[in-house]
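Each remark here refers to the structure printed beneath this line.
Letters A, B, C and D mark the chains in the order given here, with residues in each chain numbered from 1 onward.
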Amino acid sequence: MSDERAERVLDASEAAALVRDGMVVGLSGFSYQNPPMALVREIIRRRVKGLTIVSGPTSGIETDLLIGAGCVRRAVTAGVAFEQVVPMAPAFRRAAERGEIEVWECDECLWHLALKAAAWGMPYLLWRGGVGTSIPELNPDLEEVQEGGRRYLKVPARPLDIVFLHAAEADRFGNVRAARQAYLGRSFCERALALACRGPVVASVERLVPDDETLGSPERTLVRGAFVVEAPWGAHPGGTSGRYAPDLEHYAEYAAAGEARRKGDPQPYQRYLERHVYGPEDHDGYLRTIGAGRLEALRLGAA
Amino acid sequence: MSDERAERVLDASEAAALVRDGMVVGLSGFSYQNPPMALVREIIRRRVKGLTIVSGPTSGIETDLLIGAGCVRRAVTAGVAFEQVVPMAPAFRRAAERGEIEVWECDECLWHLALKAAAWGMPYLLWRGGVGTSIPELNPDLEEVQEGGRRYLKVPARPLDIVFLHAAEADRFGNVRAARQAYLGRSFCERALALACRGPVVASVERLVPDDETLGSPERTLVRGAFVVEAPWGAHPGGTSGRYAPDLEHYAEYAAAGEARRKGDPQPYQRYLERHVYGPEDHDGYLRTIGAGRLEALRLGAA
Amino acid sequence: MSGAGSGLGPLLACVLARELKDGEVVAFGLHAELLLAAALLAQKLHAPNLAIRHGLRVERGPEIGPAAWTDARRSHAHEGIEYLESHDAILDVANPASPMRFCDVFLVGGLQIDREGSTNLIGLKGRDGRMALRGPGSIGTTSIGTLARHVILFSPEHSRRRFVETVDYVSVPGWRRRAAAGLEGGPALCVTSIAVMDFAGGLMRLRSVHPHATADEVRRRTSFPLPPEGPVPVTLPPTAAERAALESIDPSGRLERMPIPAGGEAS
Amino acid sequence: MSGAGSGLGPLLACVLARELKDGEVVAFGLHAELLLAAALLAQKLHAPNLAIRHGLRVERGPEIGPAAWTDARRSHAHEGIEYLESHDAILDVANPASPMRFCDVFLVGGLQIDREGSTNLIGLKGRDGRMALRGPGSIGTTSIGTLARHVILFSPEHSRRRFVETVDYVSVPGWRRRAAAGLEGGPALCVTSIAVMDFAGGLMRLRSVHPHATADEVRRRTSFPLPPEGPVPVTLPPTAAERAALESIDPSGRLERMPIPAGGEAS
């Protein structure tokens, strides 16, 4: 008789090693919240190339940094937001303007629909939003069609090869969940990504919790069947809903480096990458570049 | 300055008066759980005719009784379940076999997809489940198509004119919610129906709760913007998740009457209708035909 | 014989449990205590990573019990539930490669089951070719039965009216109908109260006969030929390990008391 | 002038609030404290049944405050939230007749806004016709702006580079593009830091000029003609009732301190 359940715990480097050049990679994060940054930095350290990243629907620094580090060929996102810091995400802007990446032009609804079609095995979905806009012109694979006298966008399915996300907690068996205090809404894109994925789903989490905790409040579970990586402060400089706020000073520093590069001076961005990504051996090393005091100051008041 | 929010409380007869002959009516309920029976009985008392009912996805006595009372022209359901009582729902079976109703032959996935297409303004959705079955043969409006070398069912949108559902609680402003103890899962079809509806959504509830209770745990809200009818024991003989169990003895009694009619003796079913539907003036009258003691015995143990 | 492991319920739970593989997700309907017992048994014995999707819940329970909506179940309401979701999660069966897929293996029955493993819950035809008996409806079976990786047919009743040459209507397509529709594979197994059948060349054949029945009886109760000729193995009764595990997931002997339609008319 | 109701933030909140109708659902993005103030103001003054969809939440708050993800907001985290849901609820904008619809009225801006009310968040073209400046992306605007019953354009910046004859790319279509695509209606209004515009015959015209600006200035800062000729009314400053209401929803004067890009180059 066996009662040994298989644990689904990986370390960050094992998780990042699942990525191959050219894969279609789903990434969680919405603006400043819940980007899987510890995993993203580990992917960059592995010098992966040619990824299609499906992030957001409105994404943030996870997308900008992967682009800035040269890992990305194509970005599927409704936008890359650095609101209240700079008007536009610097590496995304630079790479798109230089033609170094393709952008699948969409909005948040089209982003969700492409994933839903993949999740449900549908070749496409027809959608009224976006007719009469530039979106079908800019995307060769997103045509406008007539059906019953009305015009629709024909949104093709977008299956994912692998998904990385960040959340507050998980048990060792792959049940990933939001913090009880996550008051921005329980789910942005985590389930949408996991359902559209035809490969592994990896979640970094602030902490692993005992199985009986996830069993006790199953309504908080966002995703089942994930591989889990324990990475406290794993969303930094982003925030983790219900746990800590985004580090907007760090964003400003990053954005300044990115803007300098965009305007012709590559040094500050290179220094940023060396200091925060390539230099540290792992996530703990990264956290030392930030400092415990600064991290603690971001923590949301104890419940 | 105004701070008068409009209450959305109706009584059952006002709610039932919203139904017109021939409407497409969505009904909650899953097998024995959460059928809006107080409202259904009130609709029957109004002698409404020619309804298309979209119930379930797997439905129960709300569907069978409306059919048995002659209100229905067409039933859109994946099945009418009286499991553990009788093999088949008697009025549904009789009416279908006599050709008195049309059945839109579907399964639970196709049922959901028809509503999703309506909710999202899509003319149809393509779905692999059901190719190679009798379902496209039996439904003239559900054709099998080829797309990219694969076969799909082309599931047409099914918009609803009005929805009736039953739940544990609501506030007076139309926020309807499940019981904290509703442990079968938070939602069967309530949101799916409300999202596909182009008219009013009416929820009968076990009790009205103060606004600040729904504000205090917004994650329990199933549906917003509903009209609400206070109807304790409003699902009887069905159960209300987290509140009381279904009255299987009553189901057996009902099923016996329905089976007798199916086999040629209309008297028992007519007596059932007189005693439990036409005879009582309203829901309170219905509850008196059951008796407080019997109802109390169904209540799930206090938390 | 008495105690955990005796009777038809425990035998069927063991037969089904042996077919469930570690790491899979198994799905079945809400009113299916026997299937829940089989899944819990597999989880306990050889498939600790089997995920059990019981209605809207992903379950990891210590024992079977009355239906979830009854008061008797109430005290265990939130025990062993890993995940709750809204009912439209059944659509997630369409991506069998996602860790969030609805299921890998689906347990399904029918009013009729035919030689190639098609099922019918829709109705029976009269002599005029029109529907003479309206069935309950396809419920959740059609799409899940089409899209799940593995389908196991389960029909306690084993009778000629149930096991027919060709179903009158198709709720879930069997081997040949699947091939014609461009779908791979087909049902793997069919378990009844008297036998276990599998498929070869897209047609049903007898794999084993339960200890209380005979191959002749099984064939008499089936409307189509059931190869192979010659002797057929006896279904392995519950082993000591299975009996011990049943003892723990069914301490009150609910399975033994479960009314199971064992036969049906033989003509 | 000082106190609640003085300054550009309070004026803009009042102007927008007056356009929100009782019983509607208004939607806007998460980082939009001014818009939240406008919605709360409308709820308090004339639209008690206005539903406010602030990101993923349907909100009914007593006052504005810092962004929801900050510690300062934390203490009010669960106050006044009627409903929380997952982000794909934005798709629900496609059924404007459902009580569960995502919104009726949508507040939207752009890098560029043109004469017929089309917006652009995608980018700016260079002289070669290719994208020279990559914009942030259409975010949530395209589908909601296409499918919501009412669209109100909101752009604090009022400059010739923002208000152009024709947008370089279209994120949300204006009147003529909507008609060409078979969509009814078009944006109702455009509010900036110096004026309020509405539409006649599918083209923008000046409705009122804010007290601190002039019609000449508005026209100088707009790349296309803004009818009508002749005098233009002055935007009504916050009334006593509005100032009192602002006092209660913004007790710490956050709106007055809010940095608002008022102009931009006039050429």
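Please note the rule applied: contacts are C-beta pairs under 8 Å (C-beta built on N, C-alpha and C of every residue); 3 or more make two chains touch, one makes a residue touch a chain.
Remember, it's a predicted structure, so these values are computed and weren't measured experimentally.
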Measuring between Cα centroids, what's the chain most distant from chain C?
D
Result of counting contacting C-beta pairs for B-D and A-D, higher pair:
A-D
Separation of mean Cα positions, chain C and chain B [Å, integer]
28
Could you tell me the distance, in whole angstrom, between the mean C-alpha positions of chain A and chain C?
40
Multi-partner residues of chain C (each touching 2 or more other chains)
57, 78, 81, 84, 91, 94, 147
Sequence positions of chain B contacting 2 or more other chains:
120-122, 127-128, 150, 186, 191, 219
Those chain pairs meeting the touch criterion are A-B, A-C, A-D, B-C, B-D
Partner chain B, residues of chain A touching it in the complex
120-128, 147-148, 150, 152, 186, 219
Across the complex, what residues on chain D touch chain A?
30-31, 55-57, 67-71, 74-75, 77-78, 81, 84-88, 90-91, 93-94, 120-123, 131-144, 146-147, 169-173, 177-178, 180-183
Give the list of chain B residues in touch with chain C in this complex.
30-33, 57-58, 77-81, 83-84, 87-89, 92-93, 96-97, 103, 105-110, 112-113, 116, 127-135, 138, 149-151, 181, 183-189, 191-192, 239, 241, 245-246, 299-301
Chain D-touching residues of chain B, taken from the complex the two chains share:
1-6, 118-122, 159, 174-175, 191, 194-201, 214-216, 218-219, 221, 223-226
Which of the residues in chain D end up touching chain B in this complex?
23, 44-46, 48-49, 51, 57-58, 60, 78-84, 91-92, 94-95, 97-100, 147, 241, 244-245
